[in-house]
Amino acid sequence: MTMVEAIRSTLHNEMAREERMIMLGQDIGLNGGVFRATDGLQAEFGAHRVVDTPLAEAVIVGTSVGLAAAGMIPVPEIQFSPFAWQAWHQIAGQVARLRQRSQGRHGMPITIRMPFGGGVRAPELHQESIVAQFANVPGLKIVCPASAADARGLLASSIRDPDPVIFLEPLRGYRMIKGDVPDGDHLVPLGVASLVVPGNDVVVITWSAQVEVARKAAALVAAETGATIAVLDLRCLVPLDVAAIAAIVDQCGRAVVVDEGPLTSSFAAEVIATIQEECFYSLEAPVARVTGYDTPFPTGLLEDGFVPDVDRVARALRRTLDARP
Amino acid sequence: MTVVESSAVDLSSWPPERLRQMLFDMVQARRNSERFFALQRQGRAGTSAPITGQEATVVGAAHALDPTTDWIVPQYREQVALARFGEEVLATHCLYNRGHPAGSAYPEHVRVFPAQISLAAQIPQALGLAWGMQLRKEQGVAAVFFGDGSSSEGDFYEAGNFAGVLKAPLIMVLVNNQWAISTPTSKQTAAATFADKAKAFGIPGIRVDGNDVIAVHDVVAEARTRALAGNGPTLIEAFTFRMGYHTTADDPSRYVPEDQAREWAERDPIPRFTARLTNAALWSEADSTEALRRADETFDRLFAAAEANSPMPDAFFNHVFANPPQRLLDQRHAFNEGREQ
Amino acid sequence: MTVVESSAVDLSSWPPERLRQMLFDMVQARRNSERFFALQRQGRAGTSAPITGQEATVVGAAHALDPTTDWIVPQYREQVALARFGEEVLATHCLYNRGHPAGSAYPEHVRVFPAQISLAAQIPQALGLAWGMQLRKEQGVAAVFFGDGSSSEGDFYEAGNFAGVLKAPLIMVLVNNQWAISTPTSKQTAAATFADKAKAFGIPGIRVDGNDVIAVHDVVAEARTRALAGNGPTLIEAFTFRMGYHTTADDPSRYVPEDQAREWAERDPIPRFTARLTNAALWSEADSTEALRRADETFDRLFAAAEANSPMPDAFFNHVFANPPQRLLDQRHAFNEGREQ
Amino acid sequence: MTMVEAIRSTLHNEMAREERMIMLGQDIGLNGGVFRATDGLQAEFGAHRVVDTPLAEAVIVGTSVGLAAAGMIPVPEIQFSPFAWQAWHQIAGQVARLRQRSQGRHGMPITIRMPFGGGVRAPELHQESIVAQFANVPGLKIVCPASAADARGLLASSIRDPDPVIFLEPLRGYRMIKGDVPDGDHLVPLGVASLVVPGNDVVVITWSAQVEVARKAAALVAAETGATIAVLDLRCLVPLDVAAIAAIVDQCGRAVVVDEGPLTSSFAAEVIATIQEECFYSLEAPVARVTGYDTPFPTGLLEDGFVPDVDRVARALRRTLDARP
């Protein structure tokens, strides 16, 4: 099953399971979403539960706050993640805070879905990775599945979670990522990283579509060097599985962190800061980061140079393996 | 746009106790503001935003609502005037004033939403509440308060526009007190009236004398009837005046023209409604004295309770999440350890 | 709100060459869209947003402006129809279509602002341009294009409202093509018309038949006169129809009712204006053939030039800053080293 | 001179110097700004150059983009930094990008001023530090003066810089920070950190109001332990003075980074990631970070527990000095 189909069918299951769930967003109804992630859901559940909204992100998120307070389970969609900026004051200033502001009365069981990441040559402001900006907002959980099965398990957990979740779907993975997906009620807990490739010499830590890039780079460099190279899929940036990070870095002594966003103040920096706090005495080499650059996400002809690819991750792996302890 | 004033309305159809209660609530509201202000000057209370001059708008609207079914979604100035929704509103607001984390934590049965500081952000939220009630087939409305200043924010327009599409049971009370801190409405918009903005949403827009508690009550009641009948939202511009400070941190003498202040002092809603009820033999000077006494008694009791309520130093870790991540639990632990050192 | 149609307008007061040029621009605009579309299907071009059906709106407006003094601030669909502002617009837009970093880099003398993807964000920017010209005492206006969908964003309202206060020389052209991707205007707003939204800003709002190039021209010209006289902004709703795909990535058969598509095919602005000019003996079939030929010739030449223009792989490091930080220079260096390995 | 007076007088000087400069924001005119940072400027330069706007941050920033394109030098004010979220799409999506989008034609010489940081017991959404969110947006410069003299020198440089600058003024420092300010045309270049206290054993790296906290903590722990403790004031987060950071960390081998924002994805994480990239082999102890917590900025009664203070920085210094190499 493709990732988009895993998402669609999970949304379907959750809608069937929980009548208080409501989906809202631009073009998610009749059109089934610009990536068909909501295809057929309006026909099945009605236009009052799968709602085509006006073109206004702040009110999509802002009404979700009120819907939640009224006892609904809102699952809004932002068509492309940089358009979450139009709703930033509602996300960072409201969604993330209403529970505390009301001391628990108004929980915000909102899951804001949005695609992100490079690789499809869309116009600007479609493919940016802004995870680090979300991650700096206390009160949000941030979930980034890398496989079709995790898309199901993490999406179901996110929707059922009583806290607000930013659910990031990899744009180029919608159709490219395929895999078996457990039937029915498959739940993956939030905050548990997955060691998708075990290894002892160095670990690549990443999430979402970059997990596949990491796997390939790891295989390539492992074949070249004979090293065993682990890949850790964080799955969630918040809650961050610090224990899993610490365990594998302590074991390997070397790490590379891959992040599609720009370098400065990237989430990769957070991972590195955490590593050096937790694993300082087991580190044998500086932790490398492979990220985008401190430039806007490039236009189509140039984007391949920006998004971390197998070549760049492999080079970082070689450099990290070669570094003297 | 319809403009509504009530001078012609016959009060005899009103239950006298309701009229007296409205005046009492207005007197109490002002008194609360004065008390917060004085305590702030003494260093005992935090910043506050007085309701002085705008009591008729808030009290009139609140009395048109049913506290058991309807929601009030305030900005930050109305809380002192919401006695209609229970004494708990003021009790909680005393905590708010002190910077207590529970300062917007109204008890479950009090249908008042937390105070909003991010101006106009409450309007989409109120729409969501109204829409949610509609979806859940609950008979109720959401009434959202916001200022002339807030009406310049995109959130107001996005919400008004979507409300029109949804025909949600929403009442938008735009409190035009003619100032947003130091900014006069002439710099806020060139629209003929704020009520005119309803045209952009395809919904009714009504301008009402916001210093006339009966008029405000009636337009809100009418909007409520319309909303409950499934006929959608209403934008109500309550035209009033902020008679004092924006907040305790402000100095309006820098910018409010003296003439304007004088003119509006004469339109003060409290003497106005007092005179009306006195003429109708429903109020006496003794009532005014008694109203102040009761207001003070209530305020003293609630503020004292708030002063006695000290949060634990680590209380800001509460309620961030229902299921807090381990990392946050660790931070709380470290915080508490540090404090113990 | 005023509604304008032009059937009554006498064309004899118009310079024939201007009328012919407008029709030519419309034919070329559609042809450009068709060419981009076909090339995308062949894998030679990127995503594009056809102007088909809306040519009269853009061409009529552009011809009411003075390219030497006025700014056009487009959304993303108008660029193929802006020949009035110079061939460079299409030349640059060919680069845009290919994903070239210079795809919005119009030459200094071309008063067209970069394409906007973040919908409605261009409207406050256009207001800033208009205001800036006003402050600098330059005689010119800014005309901003945006869709019915974009009109739901806060940016539209915030800008319209502030424009009213500033009385800035701004012309807001709201292109109501009845769809925002798959969302019909009935889900976008409950306002009676989009022109009605001008009431919220205290500025004139005019609805015009957007498929009538003369009518569009005239309302924009009038708005321009008003703006230059210091009488402030105008909101113009051009009522038209998106006859084809939202973009090359879209499938309108999923959502556009067949009836509507049929009805509007009959109101196609190009046959309509062709018939009118033909009746006035200003156009012939040969002109249509020649127009297409010239359009193709221009397109071929400009697209070929764009195809031949390959940016350096590190070009995305250019123009981030005028004074780039050392850290960015280091990143560029590392990027280039990596590539050389 | 207080910091607010240094800012006011610098705005005055720049307005006098450059007639294309225009200031816009809420209550900056007749009222002179809620902190009086623009007091008297409207009277002197006129209501067309010191403009009281409607209450709408997105249009304040959005018109600044157009004003800049029209040849003006806009200096908008956001009344409190979290209200920049209302304009986030214009800041991150537009201001930061117009230069590149137009390939240099539309430079954005915009300086967005705003106060930030804790310590004055304001209501929520007034005191949050959101520097890390700004720092993750390529195309912005981020300037945070810690002294009155730097407020002048950095503000003048920011206004004259052809690139967009987020100019962050410490809320509690407006009146508390005082110092000599050079007269007239005092410029401090952007991107040059200042070693405000030299030292050899450990360095505290911070910016803005926390520089004073760092100084005090350094003095305290130095007196206790006899260690020499350096304090590095970054002054600018972008451009980041990586060379200055590396030099002092290489020299000391130990570092503490202090940031008022929440922990996760803080700018402190970026500083630490940079340090471990640049100075891995000279580090003798894990770099400590002292930040806020992953909670919303607390209400007044609790905020002292959140904002890093001398006690917390001192504890981090002791722990870092004690760590075995």
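In this document, chain identifiers A, B, C and D correspond to the written order of the chains, with residue numbering beginning at 1 in each.
Simple rule for what comes next: contacts are C-beta pairs under 8 Å (C-beta built on N, C-alpha and C of every residue); 3 or more make two chains touch, one makes a residue touch a chain.
Since the model is a prediction, treat every value here as computed from it, not as a measurement.
**Q** Among the chains, which is located farthest from subunit B on the basis of C-alpha centroids?
**A** Centroid comparison gives C as the farthest chain from subunit B.
**Q** Which pair wins on C-beta contacts, A-C or A-B?
**A** Result of the comparison of A-C and A-B: A-B.
**Q** Roughly how many whole angstrom separate the Cα centroids of subunit A and subunit C?
**A** 35
**Q** Report, in whole Å, the distance between the mean C-alpha point of subunit C and the mean C-alpha point of subunit D.
**A** 40
**Q** Suppose each chain is reduced to the average of its Cα coordinates; what separation in Å results between subunit B and subunit C?
**A** Chain centres of subunit B and subunit C, defined by C-alpha means, are spaced 44 Å apart.
**Q** Hunt down the residues of subunit D that sit against at least two other chains at once, touch-wise.
**A** Where subunit D meets two or more other chains at a single residue, that happens at 53-54, 56, 58-59, 82-83, 85-86, 89, 93, 100-101, 124-125, 138-139, 238, 240, 264, 293-296.
**Q** Two-or-more-chain contact residues of subunit B, please, as numbers and ranges.
**A** Residues 101, 118, 152-155, 158, 161-162, 165, 187-189, 316, 320, 325, 327.
**Q** With touch defined as at the start, can you tell me which subunit A residues reach subunit B in the complex?
**A** So the residues of subunit A touching subunit B come out as 22, 48, 53-54, 56, 58-59, 61-72, 74, 89-90, 93-94, 98-107, 138-139, 141, 161-163, 190-191, 238-240, 242-243.
**Q** Can you check the complex and tell me which residues of subunit C touch subunit A?
**A** 46-47, 76, 98-101, 103, 115, 117-119, 149-150, 152-155, 180-183, 187-189, 249-250, 254-255, 310-311, 313-317, 320, 325, 327-328, 331-332, 335, 338-339, 341
**Q** Taking the complex as given, what residues does subunit C use to touch subunit D?
**A** For this pair, the touching residues of subunit C are 101-102, 104-106, 108, 113-114, 118, 121, 123-133, 135-136, 142, 154-155, 158-159, 161-162, 165, 316, 318-323, 325-327.
**Q** Can you list the subunit A residues touching subunit C in their complex?
**A** Per the stated touch rule, the residues are 26-27, 29-32, 34, 52-59, 82-83, 85-86, 121-126, 263-264, 293-296, 298-303, 305-306, 311-312, 315.
**Q** Note which residues of subunit D are touching subunit A in the complex, please.
**A** Those residues of subunit D that touch subunit A are 82-83, 85-86, 88-89, 92-93, 96-97, 100-101, 124-125, 130, 132-133, 135-139, 238, 240, 261-262, 264-270, 272-274, 276-277, 280, 283, 285-289, 293-296.
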